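What follows is a set of structures for review.
Next come two complexes built around chain A: one with chain B, the other with chain C.
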Partner chain A sequence: MAIKKFAVACYDDEEVLFPAIKKVRRSGYKLHDVYTPFPVHGLDHALGLKETDLHIAGFIFGLCGTSTALGFISWIFTSDWPLNFGGKPHFSLPAWIPITFELTVLFAAVGMVLTFCYLNQIMPGVKKHVFHPRQTDDYFVVAIELTQHASEEEVVTFLKSTGAKETSVQVAEEGWWYGRWDKQEPYELLNA
Partner chain B sequence: MHLKYESIVREPLVDGEKDYHQVTEDIISPIEMKPGRMWYVGFFFSVALLLFGVFSVAWAVYWGLGTWGVNKTIGWGWDITNFVWWVGIGHAGTLISAILLLFRQGWRTGVNRAAEAMTIFAVMCAGQFPIFHMGRVWDGFFVLPYPNSRGPLWPNFNSPLLWDVFAISTYFTVSLLFWYSGLVPDFATVRDRAKTKFRKMMYGLASFGWTGTAKNWQRQEALALVLAGLATPLVLSVHTIVSFDFATSVIPGWHTTIFPPYFVAGAIFSGFAMVNTLLVISRKILHLEDYITVGHLEAMNKVIVLTGSIVGVAYLTELFMAWYSGVLYEQAAFQWRILGPYWWSYWAMMTCNVVSPQLFWVKKLRRNIPFTFVMSIVVNIGMWFERFVIIVTSLYRDYIPGSWAYYSPQWPEVGFYLGTFGLFFTCYFLFSKYFPVIAVAEIKFILKTSGESYKKKMKHIEDMTEEEFVHVIETHHEDEEVPHHA
Partner chain C sequence: MTERFEVPARLKTTSIALIAIGLIALVIGGITLLGGNEFDKTRFWVVLLQDAIFFTLITTVSVFVQAAASLAQGSWIVAYRRVPEAIGANVWLFGLIMLVVSFIIVFVFKIDGHNPIYEWVYPKGDKILEGKSAFLNPGMFAAFSIITIGLWSFFGLKFRAMSLAQEKAPKGSTKIYWNVVRLSGAFLLVYALSQMSTTPWFWIMSTQPHWYSTMFSWYTFASAFVSGMALILLWVVYLKNQGNLELVNKEHLHDLGKFMFAFSIFWTYLWFDQYMLIWYSNQPEETVYFKLRQQGPYSIIFYGAFIINFCMPILILMSRPSKRNYFTLTFMAMVIIFGHWLDFYQMLMPGPLGSNWHINFYEIGIFMGFVGLLIFAVSRTLSKASLVPHNNILLKEAVIHLS
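Coming up: the complex of A and B.
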C-alpha cells in the first residue's frame, strides 16, 4: 500500500478502449489497472489476464457441504442416536439426499461469495481510490503508474494520442484502506 | 465497425436513443429524488398492514393457535396455504435471474433485479408461516441440529418437514447472495454520483468499495454464472421438497408422484404473475417504460400461458389417476373436491388457473398492459385457491366420517396473511426507493446489441447481399488492429 502518481485516461467507448489498451501494453508503460462501468467481454484477454479459478473454489466448498451433511447425518443416525423410523434401515441414504443437496449448494454459494470478496478485496467499510467519478457510469478508465522512467507530459501526450476523451495526472493510494466514502483523504488535497 | 449484433427482426430490449450515461440517469435518478405522494401513501399503508399482522400474530401466539380456526381434522388451513403460495411466488425471481441467464435470454436483464427482490421478500413472508405454525414458537430452535442437553436428541433428518427447513433457509441465503453480488457494482454507481454526504457514506458502505477493475468484473461474471448454475437446481429442489410435505404422507389427494413437477410449474406460474403485477406499476411510477417494455411483459405472459397449461394438464392427470387407480378413497377425495362443500374453491382454481391464462394465446391480449395486470391478479388468486384446495379439501373429510369437519379462518389467521402483504410491500417500497430497480451494469452490457438506436444502425447490414457482406467482413479484419469481442 503506497501513495503513487498516476496518469489517467478516460475513454467513452469500448471500441476506442481496445486499440488503446493494445498500444499501452506495447508502449511498455506500467499499466496499473483498467476500470469499466460494466463487464466488457474480451477485456481480460486484451489485458493478458488469466481465467479466474473462482469456480474451483466453489466446487471445493460444495464438496465440503456434501461431506458435512452425509458425515453428520450418518454419524447421528447410525452411531450417536439410532432411531427406528417404521422399521427402515438406520443408514437410509435416499432420505438424506435432499438435505445433502441443500448443504452442498449452501456451502458452495456462501464459500464462493466470501472467496470473491476476499480476492477482490471488497467489504463494507473498504475504500479505494476512484480515478474518475464516471468510471462506474460511462467512462472506461485506464491508469498508468508514473515511474522515474516515464515523464508526466510524455505519458499524457501518449494517452491523448490513443483517443482519450479526458486525461489527468493524479496522486492516489494504490491499494485499499478502511474509510468513509464521504470523507476526503489527506492525499486527495494534492490533486486539487 | 461493430459486427456483433442482434438481428433487427428481434424487438429491441431498450427503447429510445440512449447512451451509457442516459441509462445511468434513467435508472439511478429516482433514488436521488424525493419520492412522490403515491409512494408515501403506499408505503404507510403497507406499514399499517404489517403492524396489523404483527398484532394478529401476537394474538395467536398469546392465546394459542385455536384462535386461527384450524381444528383437529383440518390442522393445516390458511397458514400452510399461504406458506406454499408465497414460496411459489418467489420462484419466478430465481427462474428469471438464474435459469434465463443460463439460457442466455437477454430480456431478463430488464426485470431480473426487481424479480429477485420479489423472491427474497416472498421467501421472507413464506418463512413466517411454518415458524408461527409451531405454536410454541419460542421453542422454534428445536428444529436446528445443535448439541443439546436432551441427549443430544437430534431432529429427524428423514422428515420432509425438516428438509423444508434446510431448503427454505438455503434458498433464502443463496438468493440473497446472488442478488447482492449483482447489486454491489450498481451501488458503486450510485455512490460515485452521490451529491449528499449521507448518501455517499451509505452507498459507499453498501458498495463494499467496488471500483470495477477488469479483474473484478471477470470474477463477478464467473460468480454470477456459477451461482446461476447452483440456483437453478436449487429452485427446483425447493418446491419439490415443499411438495414432499404432502406427497410423502398417506392422505388421499396428497399421496401422488406428480406433485414435484406440478408444484414447480405452479410456482413459476404464480411467480411470473406477481412479477407482472409489480412491474406494470413500477415501470409506470419510476418512468422505466423504455427498459421494461411491452416486449418484456409479453415474454412473461408467454411463460404464464405455458406454465398455466402445464398446471392444467396436472389437474386433469390427478383426476385421471384417481379414477384409473381404482382406489375408493382417492376417488372420493376428488369427487368431494369438485362437488363437495368446498366446490367453489375448486372451480375458482380451475377458472383462474386453467381457463383464463389461455386468453394469452392471443397476441393482442399478451401485449395489452391493463389486461396483463388484471390477469396477473387473477392468476395469483387462482394459485392461492390451488393450495387451499390441495390442503383443506384433502383434509376435511377424514377416513372416519365421524371426524369430518368444515373450516373457516378466524380473524387472527386472516390478519397474519394480510400482515405478510404488509411485510412484502413495505420491503418492495423501500427497495424501489433506495435500490436500482433495474440492473444498470447489465443493461449497459446489452445496450449495443439490443438497444433500439443501435439496432437501427445495423439495418444496412440486413439489407446487404451475401457478397457485399463477405466483402465488408474481409476489409473489416484488415483494418482492425485488435480482435475484440471474441
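Coming up: the complex of A and C.
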C-alpha cells in the first residue's frame, strides 16, 4: 500500500502490445502491470509470470469435499440414522458416489473462486486504481513504475517509441483500498 | 531434422519379430488348443476375436479424432496430423482380420450343435434368443460388420488421400479443406451409428446375449478412445525421438496428455454408471453380468483394470508437469493401452469361457503379434509422405499453438 508514480502507455492492438512488452522487459524499467479488455493468449508467457498454484488449492479443496461427503454420509447412514433402502446394506458405497462426486466438484469450484478472488484482491467494496477507462473497452494498458533511476520524460519518450497511442504520468495507489467509486481518493487530488 | 520418416532398420526388425512371435503363438495355439476340449477351442477363437476387435476399434479412433478436429476446425492436431492419418489409413487391415475371424466364428465354428462364443447363432429352444433373432442373426451380423468396416476403412483412406492432395493443391486453396469438413460430418454420423451403438452390440455384447445394457456402446467407445489417443501419443513421441516432427513441442504433447487424462475419467464415469444402475435396480437378468466379473473368477481383472485405468491416470496425469514430460506420458500411454486391452478381455471372455480363462503364452503372443502388425503397417504408411502437412491452411496456427 503505497502511493507511487507511474508512466502509462495505451496500445490499441495486440500486435503492437507484444513487441512493446518485450522492449519494456529488455529495457529494465519496472513493469507494474498490464491491463487488457479480454484474456490475451500468451500474455502470461510474454510477461514472464510464474505458473499459478491455484490448481493445487483446487486439488486440496476437492479432497476436502470428498472426505466431507464420505465421512458425513457414512456417519449418518451407519450410526446416526440407519435406514433400509430396498434391502441394500447400510454402508453402500456405490449409492454415495454421485453425491461424493458432486460435493468434490462443489468444494473445488467454490474454493477455487474464493482463492482466485483472494489472490487477485477482488471483493465487493475493494477498490483499485484504473489507469485508463478504456482498458475495459479497446485499449491495452501498460503501467511502468517510475523509480529514481528512470526519469519521467525518458520513460514517456521510450513508451511513445514502442507505438503507444496515448501516454500519461499518474500518481496512484498501487494496492487496493476500501472505498466508494463516487468519492474522490487522495491520489486524484494529487493528480489534479 | 527431416520431414520424411524412413523406417529405421531396428523398428522394422522389431515389428517383424513381434509378428513372428504372434504367428508362432497362433500355430502353437492352433495345435494345442484346437485339439483340446470345448473350452480350449473356444479360447483359441475368442482371443483372436478380442485382439481383432480391440485393434480395429483403437485404429478407428484415429479417423474419429481427425473428423472431430476437422469439423471443429481445431488446429492443435495439424502439427502431427500425419500420425492419426497413417493409423487411420490402416483400419482396413485390422478390419479385414476382424471380418475373417468373426465370420469363421459365426458361420463355421460349432461345437455339438451350439456356438459357445455367439450363442444366438443357434437360438432354437431358447425363448429369449428366439425373440431377439430378428436382430441377432448371422445375416444381420455379417451385413452390419461389412458395412461398418467398409465405411471406416473408406473414410480412413479418404482422409489420408485428401490430406496428401492438399499438399499438391494451389497455395492457400480451401476447396479440399471444406470437402474434408463435409466428409467429417458424414463420418461422425457413421461413427455414431456404428461404434457408439450397433457395432459393440454385435461384436462384444452378444457374447452374453441374454444380458443387455444401453450404456455398453458408450462404455466401449470410451475404452477405445482413450487407448486410441494413447496410441497416437506413442507414435508422436517415437517420431519426435527419431528427430522428425520438429514442429511438435510440449504444448501439443500436453494436449494429448489432457485427452488421455480426461477420457480416463470419462471411461470411469461410464464404467461406474453402468455398474451403479444395475446394482441399484438389482434385477437378476442384469446383475448376471457383474456376478461373473465382480465376484466371480474375473474379479482380479475387473478390479485390476479399474486400478490401471482410473487410479493410475488420475494420480499420475493430474499435474501439469507430468503431462509435459516425455517419460510419464509414454509410460502412461503404454499402461493405458494395456489396461484397456484387459478391459476388453473382461468384456468378452466371461460369456464364452466362464471360469476357464487363462492369460499365458497364447494371449500375450497374439497381442504382441497384433502390436507388431500395427507397428509394421503404420510405419510403412508414415514413410510414404512428408510428415509435415505442407499447405494445410491451419499449419501456422498449429505451430504457434499454446495449450
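By our rule, the second predicted complex is superposed on the first by the 191 of 192 C-alpha atoms of A that agree within 3 Å, B and C clash if a C-alpha of one lies under 4 Å from a C-alpha of the other, contacts with A are read in each partner's own complex, and residues count from 1 in each chain.
The rule is short, and it goes like this: a residue touches a chain if its C-beta (ideal position, glycine included) is under 8 Å from a C-beta of that chain, and two chains touch if they have at least 3 such contacts.
Note that the structure is predicted; figures quoted are calculated from it, not measured.
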Which holds for A:D137: it touches chain B only (first), chain C only (second), both, or neither?
first
Just to be sure I read the superposition right, which of the two partners does A:F91 touch: chain B = first, chain C = second, or both, or neither?
neither
Scan A:H41 for contacts with chain B and chain C and give back first, second, both or neither.
both
So, A:P124: does it touch chain B (first), chain C (second), both, or neither?
first
On chain A, which partner's contacts cover more residues, chain B's or chain C's?
B
With both complexes superposed on chain A, which partner does A:H55 reach: first (chain B), second (chain C), both or neither?
both
State whether A:F18 touches chain B only (first), chain C only (second), both chains, or neither.
first
Which parts of chain A are touched by chain B and by chain C alike?
41-42, 45, 51, 55, 95, 98
Mind pulling up the chain C residues that touch chain A in the complex?
272, 275-276, 279-280, 282, 318-320, 402
Which residues of chain B touch chain A in the complex?
2, 19-21, 24, 145, 151-154, 156-158, 160, 162-163, 166-167, 170, 173-174, 177-178, 181, 184-185, 188-189, 191-193, 197-198, 200-201, 203-206, 208-223, 225-227, 230-231, 233-234, 237, 241, 244, 440-442, 444-445, 481-482, 484-486
Using the touch definition from the top, list the residues of chain A that touch chain B in their complex.
14-15, 18-19, 21-22, 33-47, 49, 51-52, 54-55, 58, 62, 72-73, 76-77, 80-81, 83, 85, 88, 92, 95-96, 98-99, 101-103, 105-106, 108-110, 112-113, 116-117, 119-130, 133-138, 176, 180-182
Counting only contacts in the complex, chain A reaches chain C at residues 41-42, 45, 51, 55, 59, 86, 94-95, 97-98
